[in-house]
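In what follows, chain A forms one complex with chain B and a second complex with chain C.
Now for the complex of A and B:
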């Protein structure tokens, strides 16, 4: 941890993540917002002022308010889908790596099939099948991220299960479940942590992409990707604030997770340890 | 490095293009369309993007005059009708030739009618086998073969055609002026078969040159056009497919195209402020509505329908979201139609009244969930279209505004949409509980607006709305040929629709088109497809 904090880039990333997390957690508490009744057509597309620091959108809704509440949606989707994917993926990886043989072959074959498709395309296909919406886009994004976890965990398990401490545990009569859970699993965590942080960034981006295509959050839920999709057409009529701020929010949050992910990888890479 | 090379070549090309633009501009009119034509066989198509192109190549017996839906002679010079209104005799123009050199005569007219009418006609059957239908013929003339309203089409002599109808039809001449009933060259149709859609041959002021799929359709002036006075003023026409409206406007500003359809409402003022550009408004002939599904128990209650009608701030929506080209609607027919009911008083926008109505209807807590007739319960979904249409230029924004209005009156809706084709399909099958859609008139006849929707009581595509009395009034209007009498019936029909709150009409729009200032003589027709022969570049 201290190695991470010593890194200036990581501190920047953590600060960004903290900022967005605060937005996601605090805005519902301090700034209650009901998107279903929010529309004031007389105040549409007003440039940033003190009352509307980020301006208003095509329906006269305060963009700052929607971005603050959008943080909850985007981060929720990002973190939620990654947690789901990590749980399922690492379980599959543990199973494949430890059991080996046919199970391994079978599971990894399935993962390879999933990996064969470009992630965004696969997510779109899944949402198209199960219907648009927040919950379904969360599922879609998790599904496309599962193979990464499965592969990483499996690789680690394959290496770990030949190590002496595992042999020792087995020699002492430890059950498979015990060995997996207490000896192997904890040691797969460092690479998974890096993957998870980077995956949150990817998931936020995917969620925004799905929202942009109208497959994610449904109106009037404030979601950054959807906000961007609704407003990029104002490029020609000069209302830059309508698409600039949602775009900036997506970029910043993704940047934050990427910076931390990179720094984590550096910090956890044994080859870089001195 | 490769990217740089590509960039330089792009810059060079642009410079080259700009350099040659003035010389080309004299002779080529380039129009930016919202999408790709489906087909170039006028009898098959139903969409405006395709018909804009076929209208340049083909002509019918009659046509609409300039910016109106007034029916004037085209390939038919004049006509007479029998006293009972069932026998029409058309005198055809002489010395008209199709682009392939074959003469346009009575035999060609008979051939075209037979192709539309008989499902066993070789050039009809082959289309059916290819999965294409003569949809509009069926809609306008009651069906094919024995069901067709047109029972006989005969060539009296090479320049005279007699058409016999089962019963008189009020909008007959207006129907014939629709792009669907333009005359194709029989010889070309027989030569190309279903590929006629890619090799159109008509009599119009422009000849087909090439269709570059996904890019553009190129036409050139017909030097042998029968009427020298209305021959094309430009040598070539290119209709370019640019899907994204912001991109289309950028192309217009950059001078890559001379004109475009589908201007974002918020870009209207941008175009107006640009000294090089101009806006031409298409006369209004389009109505956006919100429709109910009558298999939903709640919507069977008129109070609930009226509550929804009074909760929506039409004027607010039109003022804010139509770029100044729309107006609030209170009935199906737009004001210029002669069946429009001027005396009709709309419900006022009054959310409090909506709440009261809901309370009277037994929904004191507001309306959130619905029950279908078969017992299914679900949250109330409000469906909005995934694409922009003339009547709803930005359906999502409009839907969100309406949803907010409804929420303020205690009606909670979930906004939903899907792929356009699926949307229309669900609508056709009566699966949408509450949805947005609209209509753009085809022929300027009230029948085309109102009857299409309300002449088949209980039809699934109209949400199972069954109003027998209304249908009778409309069918009576269709059979009469006397316009004042028909107008009276359509006015009554509008009042009936309004009194029953059968549907909520939101807005009429005058869809804006944007042009460079040097484009002269573009006449926007209410039916959405106009002739480009009047266009010139200065």
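Now for the complex of A and C:
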């Protein structure tokens, strides 16, 4: 952590993440917003002014307000899907690595099959089939992220289970579950932290892509990708603000997680420090 | 090398079976009756029964899978529910547009990414290195559909320099030979079509190239830095060779190997990324077709196109591995 904070790039990334987290947490408290009664057709596609600093969209809704409230949806989707993927993926990885033999072979084959698809395509296809919506996009993004966690955790478990402290715990009569949960699992966490930070960045992008294709959050929920989908048809009329700001919000938040993930990787793996 | 290629090829057989299983199960992920989901609530029972028969849904699950695989092996990827056209025929017709876009994007990514990575490695920790790192990280953080929109708006609407959609101007005619418009323009000696197709290609290709460009630049930098710290480079420098020769003739040969691998991986990803770019630029390839089919709930197309792209993805990765083994004799299959 100390090494991480000493890194200027990481501090920038952490500041961006903090800003978006505050937006997500505080907006509903201080700026109550009801997306169903927000339309003002007389103020359609107005450029930025003091009353609407980011302008208005095709239904006359204030874009800044929707971006602030969209933070909760977009970040929630990103973080939520990663938490789900990390839980399922690391459990499968622990199981495969520790039990070995056929379980390992079977599980890793399934993971390899999932990895054989381009992730974005698989997520799109899954949601296209199970139906659009926030919950379904969360499931789809999780499914495509699970193999990364399973692979990393399995690799770590294979290395760790030969180590002396694990042999000692086994020698002292520790049960398999106890050894896995108390001795092996905590040691798999450092590489998983890097993966998790980068995975949140990937998940926010995927969520935005699904939203953009009309497969994620459904109207009138303010979600950044869906906001872009609502406004992109107006780019020929020059209403740049309607798509510039939601896209900038996606890019900045993803950049924040990527900056921290990159710095974390450098901090945890001294070989990469160049 | 030959033995490695054959062994590596055999490993993709189970992977392809696994892919076919997942794509087959797609239709069963649809909540409720897939035939009703495709046709809508107002479809006649007779039409529902027809579609159920067309999809083979009235057989037991394992028979359905065997029929599905049998059809795939015969080159039958099903038919569109709305139009009845065979999916494979339309895939083959639209594939050149997507390949043309993806290859142009990867070309731009290589031409910009590799020099950027080399400069960043040679002047490591300089301002250029810092800026290139930030540019690369921004590149991978940017939603490509957003970048595409910005480019289309700025160069197409504000400056009016470039077209923002389709593959060819409406005032240009081109006789279709291969459906690769640039190639067709050259084959039919049609300079007007060549200029028009190139102009239409620029914006979507640049938008699609950002992520691979960033990945290639970072990989080139990391890989070159690793090679530059090796003894044989010091020997080359000690011989009195100037820096350019050391980097380009001695270091780059080895440093480019990992770059080649990530480039191969990116080609496959571009095919999937094209769904978003093609939607923005109304580019009539497989991506736009998938998007339209999702909107129309034409599931056999989504299923067929997913299987097709995933198979190409696996094949490109295989080809990259085999090429890697061809240029690096140390690689063996174990």
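Note that the second predicted complex is superposed on the first by the 269 of 274 C-alpha atoms of A that agree within 3 Å, B and C clash if a C-alpha of one lies under 4 Å from a C-alpha of the other, contacts with A are read in each partner's own complex, and residues count from 1 in each chain.
We take it that a contact is a pair of C-beta atoms (placed from the backbone, for glycine too) under 8 Å apart; a residue touches a chain by one contact, two chains touch by 3 or more.
None of these values were measured; they are calculated from a predicted model.
**Student:** Does the chain A-based superposition show chain B and chain C clashing or fitting?
**Tutor:** clash
**Student:** For A:58, using the defined touch cut-off, is the partner it touches chain B, chain C, both, or neither? Pick first, second, both or neither.
**Tutor:** first
**Student:** Is A:265 contacted by the first partner chain B, the second partner chain C, both or neither?
**Tutor:** After superposing on A, A:265 lies clear of both chain B and chain C.
**Student:** Please work out whether A:220 is in contact with chain B alone, chain C alone, both, or neither, and reply first, second, both or neither.
**Tutor:** In the superposition, A:220 touches chain B alone.
**Student:** In the superposed arrangement, does A:170 touch chain B (first), chain C (second), both or neither?
**Tutor:** So A:170 meets neither chain B nor chain C here.
**Student:** Which partner does A:235 contact after superposing on A: first (chain B), second (chain C), both, neither?
**Tutor:** Both partners, chain B and chain C.
**Student:** Mind telling me which of the two, chain B or chain C, contacts the most residues of chain A?
**Tutor:** The larger set of chain A residues in touch belongs to C.
**Student:** Quick check on the superposed pair: does A:38 touch chain B, chain C, both, or neither? Answer first, second, both or neither.
**Tutor:** Touch partner of A:38: chain B, not chain C.
**Student:** With chain A superposed, which of the segments 279-287, 387-395 or 423-431 in chain B collides sterically with chain C?
**Tutor:** With the two structures superposed, the offending stretch of chain B is 423-431.
**Student:** In the superposed view, which residues of chain A touch chain B and also chain C?
**Tutor:** 214, 232, 235-236, 238
**Student:** In their complex, what parts of chain A are in touch with chain C?
**Tutor:** 9, 109-110, 112-114, 116-122, 124-126, 128-131, 201, 205, 208-209, 212-215, 225, 228, 232, 235-236, 238, 240, 243-244, 246-247, 250-251, 254-255, 258-259, 262, 272, 274
**Student:** Which stretch or stretches of chain A touch chain B in the complex?
**Tutor:** It is residues 36-39, 41-42, 44-45, 58-60, 214, 218-220, 230, 232-239 of chain A that touch chain B.
**Student:** Note which residues of chain C are touching chain A in the complex, please.
**Tutor:** 14-15, 18-19, 21-23, 26-27, 29-31, 124, 133, 137-138, 140-143, 145-147, 149-150, 152-153, 156-158, 164, 222, 225, 268-269, 271-273, 275-276, 279-280, 290-291, 294-295, 299, 302-303, 306, 309-310, 313-314
**Student:** Where on chain B is chain A touching in the complex?
**Tutor:** 245-246, 249-250, 264, 266-267, 269-270, 313, 316-317, 319-321, 386, 394, 396-397, 399-401, 403-405, 407-408, 412, 414-417
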